[in-house]
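Chain IDs A, B, C, D and E follow the sequence of writing; residue 1 opens each chain.
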Amino acid sequence: MVWLSWRGLVYQLVGIVVGLAALVAWLLTADLSAVELNTLAPAALWGYTVEHLQLTLLAALIVLVVAIPVGILLTRRPLRFLTGPVLVVANFGQAAPALGVVVLLAFWLGFGFWAATVSLVLYAVLPVLRNTMVGLQQVDARLVEAGRGMGMSASAVLLKVELPLAVPVMLAGIRTALVLLVGTAALATFINGGGLGILITTGVNLKLTSVLVTGSVLVALLALLIDWVGRVVEHVARPKGI
Amino acid sequence: MLPVEVTGASILLDHVTKRFPGQLKPAVDGLTMEIPAGKIVMLVGPSGCGKTTTLKMINRLIEPSEGRIVVDGDDVTDMNGDELRRGIGYVIQAGGLFPHMTVATNIGIVPKMLGWDRARIAARVDELLELVSLDPALYRNRYPKELSGGQQQRVGVARALAADPPVLLMDEPFGAVDPITRLRLQDELLSIQEELQKTIVCVTHDFDEAVKLGDWIAIFNEGAQLVQYDTPERILGDPANEFVENFIGSGAGLKQLTLTRVAEVGLAEAVVGKPGEKAAAVLSRVTTAGHGHAVIVDDRQRPIQWLSRRQLARLDTIDSSPDPKLPVVGHRATLNDALDTMLVSSAGAALVTGRRDMFKGVIDVNTIMEAITKAQGAAAEVSADAPVGLNTGVFPSPIVAEEPGQP
Amino acid sequence: MLPVEVTGASILLDHVTKRFPGQLKPAVDGLTMEIPAGKIVMLVGPSGCGKTTTLKMINRLIEPSEGRIVVDGDDVTDMNGDELRRGIGYVIQAGGLFPHMTVATNIGIVPKMLGWDRARIAARVDELLELVSLDPALYRNRYPKELSGGQQQRVGVARALAADPPVLLMDEPFGAVDPITRLRLQDELLSIQEELQKTIVCVTHDFDEAVKLGDWIAIFNEGAQLVQYDTPERILGDPANEFVENFIGSGAGLKQLTLTRVAEVGLAEAVVGKPGEKAAAVLSRVTTAGHGHAVIVDDRQRPIQWLSRRQLARLDTIDSSPDPKLPVVGHRATLNDALDTMLVSSAGAALVTGRRDMFKGVIDVNTIMEAITKAQGAAAEVSADAPVGLNTGVFPSPIVAEEPGQP
Amino acid sequence: MLDYIGDRFDQILFSSWQHFSLVVQCLILATVIAVLVAALVYRSTAFTSVANSVSAIGLTIPSFAFIGLLIAPIGFGVAPAVIVVTFFASLPILRNAVVGLSGVAPSIVESARGIGMSRFRTLVQVELPIAWPVILNGIRVSAQMVMGIAAVAAYSLGPGLGGFIFSGLSRLGGANSLESVWTGVIGVVVLALLLDLLIVGLGRLTTPRGIRV
Amino acid sequence: GCGLQPATSYVPDVGPGSITPIDGLDGADLTVTSKNYTEQLILGKIAVIAASAAGFAVTDLSNVPGSQPARELILSGQADILWEYTGTAWLTYLGQTETISNQQEQWQAVYDIDIENGVTWGAPAPMNNTYAMAVRSEAVTELGGITSMSQLATLPVEERTFCVEAEFNSRPDGLNPMLEHYGLARGTADGVPDGNVGIYDTGAIYSATDTGACNFGEVFTTDGRIDALDLAVLEDDLGFFPAYNVAPVFFTESLKEYPQLEDIFAQISPSLTDAVLRDLNRKVDVDGQEPAEVAFEWMKSEGFISDPE
């Protein structure tokens, strides 16, 4: 993965900044109507962005707290027989349309932030769970054996050998999940979940192209930014030597 | 090779059986086998015959279904497995190094688990790196992927030795390295063993490796059935049955030559001359002795020329220029090396040198033939300290060999 | 081995140089080398010395930077590369078979590109499978992964031979197979070559393989510098310099033994007896002949016992039970095999059998020593038809060897 | 729920077929595009890493944002849905095609060239068939992913089951709205399963026995 | 292409009723559009069925998210027919500020301006689907027995909570001007703070209002769920909202080509009364029938069409 080197990271960050600058420049020079100016007021945009991030990050946090321990448990000996079936379910679960999950959750939990958060959690939990399990599974069995062979206990092998070696795959899953979350959070607007999605629906409903473009581009840039942060973390947290 | 202090422990597998769930036949079937302290025992046999299973039952990575395992007199069958393993070195293919830890961390991991302090661990790591011929300053902080396959293997051995365990288990330790590095690693293991005198149990696929490294070789057939458990000499010279013969493969004779060193056979005397002597004088000594050649040695007794009667007859004074094509072997060389050297020499014999390259005598084809015959005779006799090894027989107590296990 | 019709073409590399972009030194530096038609030429040398590059320039998988390449008198340097390659067989490690095609499709691919019709391709495929000792009915429709490594290699050779090319290039063809299969494949290649007499250029890392297969061996140093280009005998017996000596490694003498077959050396006579004869009669013949042993043969002249004078003295009538440990070698065996056999025999000699296992004579260590000495004498003489090979010298025209390239 | 499905069986079937058809057609288009691009770039490490970046970055773009952006210039209906689904479908396929093509053992390519195959012939007859299982795996991943994206594409009136989710949403609180959403969600998952089976079957049929694992 | 059709597309086989196939059409194309809430879906299907009965090859591009995109489709000729509301056009599309109280005059005013835009308004229907603020009836007493919009200003700030759709949130006849009209400032601490406004999909507001996510939901007065969920509608006592009579709107060029369309839709419009629409909407939202089915049954019962042979 050549593009994972620091140079790729710089390019990505530069790309995001340039994208944002271009958006701002366009908004400043474009001939905007009163409605557009109102909707795109800096304070409002900031508010939507913060809401969007809150949704994403809270959901991500819950996902991590739930999926990683469960993923670890499911690869331990007593539950290992579940690994295969869970992976199959996880794979097909991901085919469920995010939009449908969001709307169904609204039926169940009512409208608003929490329904949105829970549906985001449901949606993102699968890739993280999956990658945690796959990451642990792909650790060379001989290394586990070597660890056991020198007298490490099962938990010591997990902490010192398996988890560190699973980190790259797990982080990749977490990054994917986070990026998915940013995109999916845009759907929260359908159930009053807040976030930048409102700009997209408003833009479409009222044919306010500037609002629509601002919303879409901001969501995309935010996704890229989160992806970038994920890559930086991956870069730093990847154990040296592998 | 004078025996140094033996730090190894003896191991006894006592009627050990391992049945894997869902497997029709046991992987190891009622194996009784004694592994003497301070020796290298090589386990060989066809794929899937139970070598690895046997090895792993010793450190209880695999729990035996039946039977008991005794290390150094203590029954370890019911001991805490993790603790047991901390006291037994374990080396697997390509070292099984942890890729996310440096060489030093890898080696220091067991001492750390045993609660050694930092300084002591660091000192031990350096000591071990020296032992396996890696410069600590250069290699201490590298990651495994920054090492060659052979170097990784050496670190693997160093790690297994870290807490100075009396027993070392190795599962095809040199399987993944190229043949040249493999030879070097084998030599290194032998020299380490000469120094440390551990008990080493080593699985290999390679019969030549078993011959080279093993004090004793156990040849397994399916179900860890012990077909022959004997010295390399006896296995080569007196294979128990056709299975073993097939396993040895062709070239048993030449293989046997590698087991004996030149120093161990009787050498022929030779007429010795010095540069500056009159050739005629030397020739007369040669004639008197009834020999065909005279060896010319320099003032430090190193052979420089090997002159036939004809050459002596043509010379006046013997000069001091060394002959670059002189067929010389050291006394630590194997008979195989000696035979090779004499084949290319026109004399059909070779000069043997001892310490500091001093001339010791002459070895010829007949000496080698005799040595082989003698070795074959010796192989026919069973060594008195042969360890016990059987699959079904009753194991005599106390735990010492009374009768050879082989018919 | 009478020479059959030579179907190979001669190859000439004429001052060929290859410079890779971004590389300081040329990979191949001004190499001139003649490859005689119908012979096997082995390219050996340390890793990265330019063997593969040289080979690939012959079929223009790598375009030479300078110089020209002449195949069978035609300059191919400016020919269409794809067409050229269709006329040159090419075999690489593990055969380079296409995993998604059956054995038949793999073999038939070049004929198909050449526009042969279906029936002709099918017939050719079967013919080639027979040639490489694979039953067409059994193997035709298998996929490469359903073959063992050695079988894959054979299919690779068959594919290279498909369009009956006069030249075969092989890049470490046996590098990926186990030693035993490797020996078998080498023998097969030799017997195929005996029949077809192609021009074969073969890269190998393994000097023993070069000795075994090569009519000529080219030893390269960095930059495809031709250090020695000679027969195996001469390279073993008279290495050009220290580089070559190191390359040969230890055991040159034993290696030379593999070059000579038992049939090629003089055998000693033996006293022959038959079952049913009185032992005393045989003993008296032995004593008269001044021998130590008598060979007992059955009614089809196959040796069954080898009795010493002492044994004869103790016997009354000679019985017809065959001795299972009789040291017997066939007359096609190499001297190396013979030596190995006699080492394990108590007589220090071996019985040689010819066609239909009939007794031919006795070979002993002295015979072997003499044969070696003679071979070394022969190696000192340079063969008259030695091909040209140099790196910088001027190449004489017309393109025939006038003077040996080696000093 | 059963009543709901029973009453609208034809309509559900039709929408499912539309959804399936959209996904399959876009997958075919995406495969063609991705394989073409991969064939152009895989020999150069620089282009390969660009292709990999495009595929990685492209996947971070939220599908809903992308649809929104397309409505402005393209309008509603089938076209934006096709563009969005094809775009996202091509990304994993592109990545796998590059990986698959560059994963073909150099020795095999060399022996193809060595027996006189031209570059193009080598690509078509040797490299693509050998890379096919990897490419197909990319198609599988894409299929799972774009099944969901196609549902969001109903926002721009794209064909398929997304309509059930959106009309459920617009009638939320009314009768049958929950059923409508469930129909959409389950329909998509079932189609995903079905398509996955089909692709696996296609893989069996199109992968030569010699390179099946 | 390739057999793909827009989502929720529905073009049935229809037999003739009072609408009969136009001669010489030869399967000419006609595109119908509608917005994405129940009433529009039903009206859209009615247009589809009518055009289909008249012999057109209909493309059903209904369920467009939002008024503006639907309007855009008509203006650009990408769609040929849309049911539109006079008030919506007058204030939102045409940027007028003063409304006309007479419904017929309002229609005429819109017609006159829009004809210049290449869009022709057909005969208006009697029904008037205006916006309104609805309260769940349980909360009426909690909120001091509120019945009219002017009472909003008397409520404590934290009770002034609204559920609106994205469109209403930004429209010139939408939330902000409405609040202003009733003396409340949007986005101020003593008016209606932004935190008091929740934004929902059009159809989601009814259940959100009913479950108390907010006190006041923006509703359409013809929606069946007002009755079904027992919501109380506040009186627009200061007359902020204009009349929103629905009428078929044609892309003028298409209408010139098929002038018969005007007559066909002129037959339908008069039947579309508030009561009819409320009934049809209820069938969809409350009884759970499909808009297409509801439209078809109604057209048949009115005799416009018959079952296909």
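Basically, a residue touches a chain if its C-beta (ideal position, glycine included) is under 8 Å from a C-beta of that chain, and two chains touch if they have at least 3 such contacts.
Here is each chain with its UniProt name: A, D = ABC transporter permease; B, C = ABC-type quaternary amine transporter.
Worth saying up front: this structure is predicted, and the values here are computed from it rather than measured.
Shared contact partners of chain B and chain D (ABC transporter permease), listed by label: A, C. Separation of chain C from chain E in touch steps, taking the shortest path, is 2.
Comparing chain C-alpha centroids with the centroid of the full set of protein C-alpha atoms picks out D as the closest.
If you average the Cα atoms of chain A (ABC transporter permease) and of chain C, the two centres end up 63 Å apart.
Per-chain CA centroids place chain C at a distance of 55 Å from chain D (ABC transporter permease). Centroids built from CA atoms put chain E at 93 Å from chain B.
Per-chain Cα centroids separate chain A (ABC transporter permease) from chain D (ABC transporter permease) by 21 Å. The set of chain E residues touching two or more other chains comprises 65, 69, 72, 201, 204, 208. In chain C, no residue touches two or more other chains.
The set of chain A (ABC transporter permease) residues that touch two or more partner chains comprises 106, 190, 204. Across the whole structure, chains are in contact as follows: A-B, A-D, A-E, B-C, C-D, D-E. For chain A (ABC transporter permease) in complex with chain E, the touching residues are 35, 38-39, 44, 47, 106, 110-112, 189-192, 198, 201-202, 204-208.
Within the complex formed with chain C, the residues of chain D (ABC transporter permease) that make contact are 105, 107-108, 110-118, 126, 129-130, 207-211.
By the touch rule above, chain B contacts chain A (ABC transporter permease) in their complex via residues 59, 61, 82-87, 89-90, 92-94, 96-102, 109-110, 113, 143-146, 159-160, 169. Listing the residues of chain A (ABC transporter permease) that touch chain B in their complex gives 142-143, 145-153, 156, 160-161, 164-165, 239-242. Chain B meets chain C in the complex at residues 250-254, 256-257, 336-337, 339-344, 346, 348, 365-366, 369, 372-373, 376.
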